[in-house]
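In the two complexes that follow, subunit A is the common piece, with subunit B as its partner first and subunit C second.
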Partner chain A sequence: MLARHAGKITGIAAALSPVGGLTGCAGMQSALDPAGHEAQELYLLFLGMCAGGAVVFISVVSLLIYAVHHQRRVHSDRVVARLILWGTVTTVAVLTVLLTFSLALWPGLRPVQAEGQPAIEITVTGHQFWWDVRYQTPDGQAVVVAANEVRLPVGERVFLTLESADMIHSFWIPALAGKMDMVPGRSTHLSLLATRPGVFRGPCAEYCGTSHALMAFSAVAMEPAAFTAWLAARRMPSPTAQAAGLQAFLSNGCGGCHTISGTEARGKIGPDLSHVGSRETIGAGILPNTVQSIARFIKEPDTIKPGVRMPSFRMLPDEEIAGIAQYLKGLQ
Partner chain B sequence: MGFRILPKEIETLWTLFTGPAIWAVHFLFCYVWAAIYCAKRDQLQFGMVFVRGGIGVATVIALVLVAAGGYLAWRQWGFGVNNPPHNKPTEDSRTLFQGFSTLLLSALSFVAVVFTALPTLFIQACWP
Partner chain C sequence: MSDVLDPATETRADTDDLERRRAQEKRLREVWATPGGWRYWTSVNNTDIGVWYASAAFLFMLFAGVLALLVRTQLAVPDNDFLSADLFNQAFTLHGTVMMFLFAVPIFESFAIFVLPGMLGTRELPFPRLSAFGFWSFAIGGVFVCGSILFNAAPSAGWFMYPPLATNKEQIGIGADIWLLGLSFIEVASLAAAVELIVGIMKFRAPGMRVNMMPLFAWYLLIVAGMILFAFPPLIAGDLLFELQRLFDWPFFDPARGGDPLLWQHLFWIFGHPEVYIVFLPAIALMAMIVPTFAQRPIVGYSWIVLAAVGTGFLSFGLWVHHMFTTGLPAISLAFFSAASEAVAIPTGVQIFVFIATLLAGRVIFSVPMLFGAGGLVIFVIGGLTGVMVAIAPFDWQAHDTYFIVAHLHYVLIGGMLFPIVAGLYYYFPLISGKLLSDRLGKIAFWLMFTGFNIGFFPMHLTGLRGMPRRVFTYPPDMGFDWLNLVSTIGAFVFASGILVIVVDVVWPRKKQPKAPINPWDAGTLEWLTAPDENWGMRSIPEIRTRYPLWQEKTLRREVDEGRWYLPDAEEGHREALMTSVLDGEAQEVFRVPGVSVLPILCAVFLGGAFIAMTFEAWWTTLVCSVIFFGFLMAWIWIGTAQIPEKEKKDIGRGVSLPLYVSGQPSAGWWAMFITMVGDGTAFASLMFGYFFYWTIHADFTAGSEAPGAFWPLTSLALFLAAWALMAVSKRVNTSGRTTLFRLLLMASLALTVAASLAGLAGPWFGGMDPTMHIYPAIVWVIVAWTIAHAAVGVVMQAFCLVASYAGRLTARYDKDIHNVVLYWHFLMVTAAVTFAVIGLFPRMV
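On to the complex of A and B.
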């Protein structure tokens, strides 16, 4: 029931904010600009707790002012006893209301399988400092491997299994849902339902090493038809997988760590690059996806992302790096 | 001496912890019971309704016990006839102080037991 009123309450809150004061909180990584069902519930929780906190604050300050103004007047024992009794009762009542309100939102934040099978299941594995993303297709026949970008259909429930290959990471797309830790040796789960299309940013929300702050990903909410087409395309190698630049990629050993489907590159240590050219960002959410950015990352990954396992390729001629970057950008 | 449901006034410090002890046992029961069910639910023959019902029964028992402890404390405090702070170095004052303290702790434990059980009203299944 709360969820049904969430939109209305959010609308009222936005209208009341002075000249759209909350617009400063909008953006691709804001929990105050929800684009998903779970984030909407959390936003409602935030507004409810703020309102409750404001009532408590104003009451306490009012009592303080009352006490200061009446410091010379001595109350009778009877009045004091009543003040203490009703003060306690009011406090417990306010806490009960806030606790019940927050607990009532819980089923919406952790929807169980009873709501029907999710449209798609995605397994995300955290690495220092990137994300391995695997989509189980709805027919259960294939797994599409990607990295550093999570795509999901708008209006359809997505079930995520979260794992970690090394440290404790935390998966968080503030605009879509709350965060969930990724713990080595365990599987944790998260459920997402995007309500409007858009590109959002997800940071790693648990310190995981030197470049923790440089570990992020894009979350792209797409119309269901576009998502289905996108996923079908990702099952095939990029049409340009054999283009010029592949030879330089392979001869410099890049295939030892990276996979490009349709080629001999089948490394598993680094992110899958099969369709890297179509991603929103490079280096797990830190550089725009341009040929220049890719070239820069090949040349000095240790500078861009301290602690990264990828060695730098400064020794390669600039033309060769540019050729590889051009090739990778072409993998759409 | 006839049979008494409620014992005579007790002079031991242990009564002070009756409420918090019941709260602690109830807390442990709720969390352990739910955790075991969620971990082993595939091998068990009953559903979440049974778990929630069990917590409901435990909560009612805990609240009755806390209320009974509170009543004893209220009696020890003289049914509220004497006002605190009961800070004189006499046996009577000590008894009243203990009764009053136990009554307050019982009230706290009562609220705590309710708050511990509250999630049961909303959580309908294990996740995931």
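On to the complex of A and C.
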């Protein structure tokens, strides 16, 4: 309903607002630079509430300044009693309008998946301090396991089931939609509809321990065809030419915690690394995905991310770490 | 009153009169004197306790403010390493905890303790030793909680302490126990203060001050104390469950064994949301005193504002889920709580309109208190408007747990609480020291604080919506909030410099500064009758006929100061106040107010010792401290309460004579017991809420267990019923003077209570219920243990009455103790009935 006018209103708001010109520059993680249906509607709601709020604020403060500074005329009790009465009536009216409007907006924001409705379903499980991501295709057959990155097609609603393996986390992609908590022992649900392609960032939004600040993920909205191709590629093990790196990976016990499809590494404790080389970032959204940062993470995860469960591998020779890093980066 | 002063007779009797007055004043001064030397700290006088309490709360505020500056320094630039992640997490946890528990609530309690007796036209609150106990508990608990960060052992799970993070002993160490036990101890002190304030406001007003004449501050404090009574117990119940999980591994919040982390969130926010209004309403109450004074006219719409305050207090209990909008609760409950959260803006708006209306209808004198009041209002309006925004659940899905909320809550609390508190400080300072604070420094402080605050917090709205979550110790660069954070940090330091100016102003030596006139702002309410250099409060207790007596009864000050009203003397050497009826303020009793005593400190020290030892799981020390505490408590009650007076009645002046001993429903002790038990019942109801909450989330709530069965619970219930019936009969028997039968009945009831308790324990015991296995045995054990602990207190009370009867301090005429104990038993009976009926029958019905 609102989305149709969205572009126009956004443009006007950007021109009017003193900070408007800045909202576009670094919008990866911004609710003010929407790229999803829900985020868009809520952004417009916010602009509307700001405008209303500004009117209320200016009226009340002007009245207050006048009340404090007027010296000539003392107003009669009858007049000021009317102010209390009409002030209250106005408050009730404004709140009623706002509430009615928002209740009308509400059902369209997060429709639930109808019984038997084919759709892409994603289950995201929060861990300290990373995200396990599982895709299920509409045919219900294949499950693709990934981590710390959520990809979705533009223009198609995807349905998410959110769970937690340890603490309470909260799943939030500000550019696409509002957040939803991941509570141990419960499953919560969210649906997302991306309206334009792009790479966005999602931070964990519920304080979950020492490195809560270092728990994020990338959200990539892709054209539907590209998404389908990407998902199909993820069902296959990644071809790799770095046999030495794989050997080092396995002999140092990395497979005890991590899975790499097509190899003996089948650990379930840490993130699945099957196609880690193709992800936007590593370390759950905190480092650029380069061989150097992978090597650094293997060497000193406890420094990069205090409280992380992964042990450090400082004792390994640098060449060996570099080999593993090369191998992992090669898992495209 | 009919006997208006006659100038002629006054002149004739002048000399005699003056001498008599001097003698009265000498006696009063001796009775109300604050002890010297180290014994100064054993004072229980409301003016001393109030000032200590406020000073301690301000010190804690400065400490938490320094933590905030550390947090802001860390966040000034991206990827900063000024603080480690762990230290940062301790700092923000302690900042929130200290500001809420050790500043916001205690500061208003201290203001109330200091100023209420004067405002109500009485000499003292009814239980000054309880105030002293509350203060010492607060000081000990506060230092313990704050000090933990110096040992790198502060709580680090956030001030909201969500499980399963906060219950995880590997990740969150002793800090969580310090939080739970340290704050439970302080919450007990807050509850004590609430009981004190409610009884004080209801029963210790000047004669003639009907409820509709009470100063608005008293109205607000009555509402707020009532809210504490219903809001704190759920948190105490939550703390109990929480600490049982941490210390003994009972699985209340562990989903693997049937628990649920969301139960804590419900209990925490059922406390936490009213808490916001518990903090906010007293600040508005200060405004309701300051605004009329500087508008030089009575408040416009007295009943509007009282009703609005009642409405706010009532609604505040129906909003807690708006802190849980993103936890995945059903849409229908989100819609309900959205609507309720919007609704609370209505009474809040009414209060603001009443202030503006009063200013419009008067000639405003502008001064530092008004500056802070008006500035606070401007800030608060912004916080209120963003509150209206986040109350819309879908918008909250974006804003929740971001810096938008950080901005919102600081706009609400600093505008709605801190600025009015500073206004109150500048306004009431002359009552403390007899001197005014500096007008110039006050203005400098205001502008530093006002601009610093807005520079610091306004950008946070944008920071949050650009995606910065709360409680992050660092953030990556180029996300769009680098410069916003830097600006916020600069603003925070400017704001802090304003606070520093206030500190300088307050501690500045004022030896040479001339004394302020006794009512420097020309206010209309009674507290301005009290002289800062006298401890007695009112020189004599006037009869009140108007809302603003100092404006509307021009001769009142002289009459009071010349001792022409009630209780102008202390001829028997006791501290005395008038107890009046709840609604109409009719004088009922001359109440002997307890004086200086070291017992409150000793009780606080040993109770604090027990809590602190428990933190370190030092069980023997806990036991020893508890036993010593119990001993001092009994001594306190024995020596300090229900004393038999030397005569029946006392002449209080103007030909009025009042009894010195009243028992039962009119007495202060009865009200204190009643109010305490309402709070206690709320804690019990919270535990029952837990029982039914688990039932709603589990298809198989009992996990196949048959225990505790119906037999033992129902046997226990029958025995409790019999014990209660005997107690009720014993009170009548005592009144009729049959002392031997009375003692026999007490003994029989005591024996029945013990048997009932054993039967109560037998159900889960013989049922083999292991509380660490699953949530069902755990919640059953908690509820049973709660009831049995109350039965144990009941047994102590019965024994106390027996001893008192043999010692002759409990007789047919002097029977306060048995009245209050039977009242306790009514509540105990309800608790036992609910407990055993539910655990015995409910699992069979579903």
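We adopt the following convention: the second predicted complex is superposed on the first by the 294 of 332 C-alpha atoms of A that agree within 3 Å, B and C clash if a C-alpha of one lies under 4 Å from a C-alpha of the other, contacts with A are read in each partner's own complex, and residues count from 1 in each chain.
By our rule, a residue touches a chain if its C-beta (ideal position, glycine included) is under 8 Å from a C-beta of that chain, and two chains touch if they have at least 3 such contacts.
Given the structure is predicted, the values throughout are model-derived calculations rather than measurements.
Of the two partner chains, subunit B and subunit C are each touched by A:92.
By the touch criterion stated above, A:104 is placed in contact with subunit B alone, subunit C being left untouched.
Legend: residue contacts after superposition of the two complexes on their common chain; A:189 is shown touching both subunit B and subunit C. Set against each other, subunit B and subunit C touch different numbers of residues in subunit A, with C touching more.
When both complexes are overlaid on chain A, the residue A:269 reaches neither subunit B nor subunit C. In the superposition on chain A, A:58 makes contact with neither subunit B nor subunit C. Contacts of A:201 after superposition: subunit C is touched, whereas subunit B is not reached. When both complexes are overlaid on chain A, the residue A:244 reaches neither subunit B nor subunit C. When both complexes are overlaid on chain A, the residue A:83 reaches subunit C alone and has no touch with subunit B. Put simply, subunit A uses residues 77, 81, 92, 95, 99, 103, 106-107, 189 to touch subunit B in one complex and subunit C in the other. Here subunit B touches subunit A in the complex through residues 83, 111, 114-115, 118-119, 121-128, going by the rule given at the top. Within the complex formed with subunit B, the subunit A residues making contact are 77, 81, 92, 95-96, 99-100, 103-104, 106-107, 110, 112-114, 159, 189. Against subunit A, in their complex, subunit C makes its touches with residues 84-86, 89, 156-158, 162, 164-165, 168, 171, 255-256, 259-262, 300-301, 304, 326-328, 331, 335, 338-339, 342-343, 345-346, 349-350, 352-354, 356-364, 366, 370, 374, 377-378, 381-382, 385-386, 388-389, 392-398, 400-402, 462, 465-476, 478-480.
If you check the complex, the residues on subunit A that touch subunit C are 19, 22-23, 25-32, 38-39, 41-42, 45-46, 49, 53, 56-57, 60-61, 63-64, 66-71, 74-77, 79-81, 83-84, 87-88, 91-92, 95, 98-99, 102-103, 105-107, 109, 162, 166-168, 170, 172, 174-175, 177-181, 183-186, 188-189, 201, 203-214, 286, 306-307.
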